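Both complexes below contain chain A, partnered by chain B and then by chain C.
Up next is the complex of A and B:
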């Protein structure tokens, strides 16, 4: 093969490679006939192994009578769906309320941590690191078991939502802090060049850009909140996971109910993650273009 | 205070369970997650698809749902595991998905030229990964992998919901017995904070030790924003 032919054939691929900047695409060549045969063989083998594992799992279900259609079609019945739907509504409510309070709170914590006042900054740092380092379950238990001992009680909804807010605010504070730091230095310089003070620069120049930068991360924080809302199982608040538990105690279809519940969570979170990643990719593409 | 003095063995056992759950879950997740990441970048389509489906399922399922499904669901299909190992299995399955994502994006940070250079000196797929790409990728992955570790520490608390007698379970049981809520909360909190802070300190040490532009490796003017940081529950 002549050198010229070689370069023309590979030029578009090389350009594509440089555009995506990813090492995963050069780990292997476009395979030759022998390589293609080997890849085909390994593909068939690995597909067989994967299908075998799935079949073994299904067979195990079958052997224990869990594949009985009667145990699964009930999830198409209106009353079953309505029952789980009430749980889903609870989950969405809890997540929404927690997000609406936690995100602004997280922004305030981030600003406090970045503040020039040493005392405020250290208080915020300790607060953030504390709630990032302990499990939410512990905070839930504090509201469920500890505070009632001192005569402080909350409705179940708030026993779930307040711990979610405390933990999520701490993690989103770090998201906002990263976003503020990721705004280009030139923006600070430009802001002070046109005579803006520190506060004005922050409010009118830095924050609008930082909030846009962290938008995808905030959607992922929503995924985390949605997952955390499953702790309603512990505080007996009627969200999806707890509703599933109630359903199991009535119908005795344990595997089926929890599989259906998990699939709902996976679908919701998958959707949110997709949106976040698509948004992130679009913003990165725009940043490269400009 | 006597609540602690009278129950030292129980508390120590709780701490031991928490440490064991975390370490076993994390180490297994590192192994499984790296293998999954290799599958995701491999030239074999079924392996790529299987690893992608795995990641999408296990990073989107809430850990508590997964643990409940494993602990209470598996016996119904004829698989009996001790609750402790159900916890380890759940933590491993969930953390492995996050490890896989981090390893994959770590591989993407290695300059393309390095992989090309490795290929041009005759290394194959595994040789390129093993000797050139992965060693460099792991260096950029230390911080994300520390985040996965902290996620595993925090996740181990959920095993108390499936009756593993780890530190959250022990302190809440003692709490009901002695009504020493604040004290018990502080004990459990200290264990988790100690483990997460210890983990991130160790991560920092490793990061500095393997950083090529040490000792002032931190002076990168504008830090890029990693969207998926802290996305683990």
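Up next is the complex of A and C:
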């Protein structure tokens, strides 16, 4: 009850919060007064449930001796950390390479889909819809099992990265397409009125604004990529989760290892969201859509 | 010189925007196209820089048919100022002004020097050069729009309701400065508005359009006020509302100009009386 009252009291500052603080609101619309009340109620209820479950879980762990400090302090050992650190490095490498290739590729796909040339547009549409609809695991299997059957093999790194690129490029293509369409129509007219050709208008006017509009969504795509990299276990690529799995098979500390690994993933994604927030604030200062 | 010769514009689907329009606009003249929305005034103006191509008839600039010119090059050689300024929000004021000159191949440094001069010309502080459009007031944005329109030093300046989105006080300032600029620059200006007062203020000649882009009257503001072609024009310029039919009443030894409702519009000064005296007598 008191928590609900607290939320209501802060309601007038919602607009301010939206502009500066709340990370989630980079990605979603702010709810109205009714919505806020409902959210407050549900938050209290779900918090109670979650705390209850957590307490029950901890109680179980305690009973089975999982909370024994000896099982946790090992994660402060240099060799343990180095082992997980190699996984973290692998995860970051895979994600970075996939993003660096997939985002420009996605942009090209979006432009192709919006192209005036019907054939190009159709090919791009089919390509995008295919890779957007297919589970990434199937694409990974294609590179791991199907293609080698025809003599086409890739290093483990690429067996993971190529499927990530294919799937992510298709989803980001739709993000870019939405961004391009969201640029004010007046900007097309303004560009053509002052004498910019189609290409100049696209390069100098439409794309810079579209990319700024979709930056938060791109960061979200990056978070998705980071999580998709966990499919590395399928191809036995040493990314963070696979390293965790290996560690479990050696130490038998299943719960502890996955808690530590999860914390690292959450911290990484939290960091990415903060970056999204900072970028968004900087863009608001320039006010993209005036 | 800009010429419209029997211009007709029909949109696919049969909408007739312009039926048959002819007009000659002399060099260094400012012509205002005025009419209600849907009168096709903007369509007409956009034909000059080929934003719209006529279905039939032709538009010439200094005798050359614009249809024979490359649209992009043509647009770069004609200044264009649009409503709500149409500035690029992701570029600074300076970059907005230099966009067209740089595209025309002028060095960045020269373009910037010229942009700074233009900012001074249109009354913008130099410190605003590094700002983004959203950080400016509506009036300042519009000034940037005018500076951008003048950046390539075009002979022709097209203005599409440029002051429609700013408040009346700022609009008044901008109108005065445009007239001031025009006295020095002597561009050929085609100006579109739905505000008849603005039209009379800015236009050497005013073209009043009915819906469907039919010309109701073409003339100087004086000619139109003195002799409205028909009831539509009379009503459009407000002659029948009494705000324009002024007469003089003598109060305390001074000549007060009063409108048809008896509201005082101003004082008749000796200078104005002397000037209007002969002009008023000549026709009679």
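Following the convention adopted for this analysis, the second predicted complex is superposed on the first by the 223 of 290 C-alpha atoms of A that agree within 3 Å, B and C clash if a C-alpha of one lies under 4 Å from a C-alpha of the other, contacts with A are read in each partner's own complex, and residues count from 1 in each chain.
One rule holds in what follows: a contact is a pair of C-beta atoms (placed from the backbone, for glycine too) under 8 Å apart; a residue touches a chain by one contact, two chains touch by 3 or more.
Everything numeric here is computed off the predicted structure, so don't read it as measured data.
Touch criterion not met for A:119: it reaches neither chain B nor chain C. Of the two partner chains placed by the overlay, neither chain B nor chain C lies in contact with A:76. In the superposition on chain A, A:216 contacts chain B only, with no contact to chain C. By the document's definition of touching, of the two partners only chain C reaches A:194; chain B does not. In the superposition on chain A, A:205 makes contact with chain C only, while chain B stays out of contact range. Here chain B and chain C are compared by how many residues of chain A each touches, and B touches more. Shared interface residues of chain A (contacting chain B in one complex, chain C in the other): none.
Those residues of chain C lying in contact with chain A across their complex are 49, 51, 72-77, 80, 82, 84, 86-90, 99-100, 103, 132-135, 148.
By the touch criterion stated above, chain B contacts chain A in their complex at residues 41, 43-47, 50, 56-57, 59-66, 68-69, 72-73, 76-79, 104, 107-112, 114-116, 119, 124-125, 128-129, 133, 150, 153-158, 160-161, 168, 172, 175-176, 179, 181-182, 184-185, 188-189, 192-193, 196-197, 221-233. Within the complex formed with chain C, the residues of chain A that make contact are 186-187, 189-197, 200, 204-205, 208-209, 212, 286-290. Within the complex formed with chain B, the residues of chain A that make contact are 17-18, 21-29, 31, 39, 42-43, 46-47, 50, 60-61, 63-64, 66, 129-130, 132-138, 141-142, 145-147, 149-150, 171, 174-175, 178-179, 181-182, 184-185, 213-214, 216-217, 220-221, 223-224, 226-228, 230-231, 233-234, 241, 254-255, 258-259, 261-262, 265-266, 268-270, 273, 276-277, 280.
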